[in-house]
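My structure is below; once you've seen it, I'll send some questions.
Naming follows writing order (A, B, C and D), and every chain is counted from residue 1.
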Amino acid sequence: MTNELEIRVRYRECDPMGVVHHTVYPTWFEMGRTELLRAAGGGYRDMEAAGIFLVVVKLEVQYRQPARYDDLLQLETTLAKASRAKIQHAYSLKRDGIVLATGETTLACLDASGQVREVPDSLVTADGARAS
Amino acid sequence: MTNELEIRVRYRECDPMGVVHHTVYPTWFEMGRTELLRAAGGGYRDMEAAGIFLVVVKLEVQYRQPARYDDLLQLETTLAKASRAKIQHAYSLKRDGIVLATGETTLACLDASGQVREVPDSLVTADGARAS
Amino acid sequence: MTNELEIRVRYRECDPMGVVHHTVYPTWFEMGRTELLRAAGGGYRDMEAAGIFLVVVKLEVQYRQPARYDDLLQLETTLAKASRAKIQHAYSLKRDGIVLATGETTLACLDASGQVREVPDSLVTADGARAS
Amino acid sequence: MTNELEIRVRYRECDPMGVVHHTVYPTWFEMGRTELLRAAGGGYRDMEAAGIFLVVVKLEVQYRQPARYDDLLQLETTLAKASRAKIQHAYSLKRDGIVLATGETTLACLDASGQVREVPDSLVTADGARAS
């Protein structure tokens, strides 16, 4: 499961070096996850309305090349693994085919009271289920 | 009622011109309101826990001089008027006595269901009460 | 001169009330200005590369209805007036035809040394020129 | 070399779950680095003015417990290793002695033209120098 999202860099996202600030990339990764869920027929807004919350428990980003204001970027978001306990995504951000950054996140699933709960069936992949 | 808050400019708050981005100032204004409420013996976190929400319905900012990364700024937040219907604050942001920006906000009060409700007694000033 | 831009609300842009934080709207207004310049045949990135900088000197926002995570919004950005001294834009943000917020900004033009300079010919409207 | 920085959580930094959004932590880490440099007798603003830029090439964050609006947090920033090629920092964010998150960053050093250059002597630790 992979989603490709086009992102236009905002002026607000750039810093005094004239490049995108490193804290912006995980915001884009989150946008990629939103679109991946939408494409899978669900939607994160509906999940939260149903009392299911996904929280980031681990984040890693590797920065290779800077992105700049007004760049048009391509973000590839992949569901790497989803088990009963956690969901892992991988990200690759490109401009004209050149990788600018890569990243990985691990999500856990909480209920409305903030307690850890099982990842819903609809999000568990075949591979993930075997691994759980 | 006035509060003075010291603010250290973050790198993330600055843009490719090397100055604080104009969208950051209202975030600082909100910090000023938080401190003003705290100094008045209340706290906005407790208000929200009690089901009372303050929302910005109008914002104005006048930008005079740029602020830069690592600057140490002084934000003066003043409760201008508080009636049963709305609360007005005024802001003055300075560096070494020089005014960099001024602003005004108007807040309304909502209940937990998002409906407009009266501003709580504790927030209504003598002047504001007369004006309401 | 008017531009219409579609905006998908990001999770990061929403606050504990579950609605878009009021400081996000001016970031969207800036995106509208970027697209308006692009549609006019120029581009703000090129302007900065040429040593011409547009800075916000005044901002006003009126908030009417909240926007929420994952909403698809329409932002209408209009060049209201452009003279030798300043450029004024007006904004209207809608969801399904309902106005959520309106705003206005005034920009001044700086050179690479941060000094005020005349607004470039290409940005001065016929109406604005008469008004200057 | 360690710096402890007190951070008051801003409303803007919290998301619809009512907790600090995960993208905010690396902004705080950057603030910790600024203060660590200041305490060491230098300052990052002066470094940039001298044409020396530090860029994040790798980021890792582990999230354990949520932080909330108005929380008063303690961020411990430690220079883990600094060689001729890169600088590594470690972070521990606590509230009342409880660790909420930990993180690590790796920085590289660029010159004004964006080319990789050696880390300045003043930033290279004895341990780091041996490791380089």
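One rule holds for everything that comes next: a residue touches a chain if its C-beta (ideal position, glycine included) is under 8 Å from a C-beta of that chain, and two chains touch if they have at least 3 such contacts.
In this text the structure is predicted, and so the values were computed from the model without any measurement.
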If you tally contacting C-beta pairs, which pair wins, A-B or B-D? B-D
Sort the other chains by how far their Cα centres are from that of chain C and give me the top one. D
Distance between chain centroids, defined by C-alpha means - chain B, chain C (Å): 23
The distance between the C-alpha centres of chain A and chain B, rounded to whole Å, is 33
Could you work out how far the Cα centre of chain B sits from that of chain D, in whole Å? 28
Quick one: which residues in chain C touch 2 or more of the other chains? 11-12, 16-17, 23, 27, 30, 69
Going by the contact rule at the top, pick out the chain D residues touching chain B in the complex. 8, 10-12, 27, 30-31, 34, 43-45, 48, 68-70
Report the residues of chain C in contact with chain B in the complex, numbered from low to high. 16-17, 22-24, 26-27, 30, 48, 53, 55-64, 66, 114
Of all residues in chain C, which touch chain D in the complex? 11-12, 14-18, 21, 23, 69
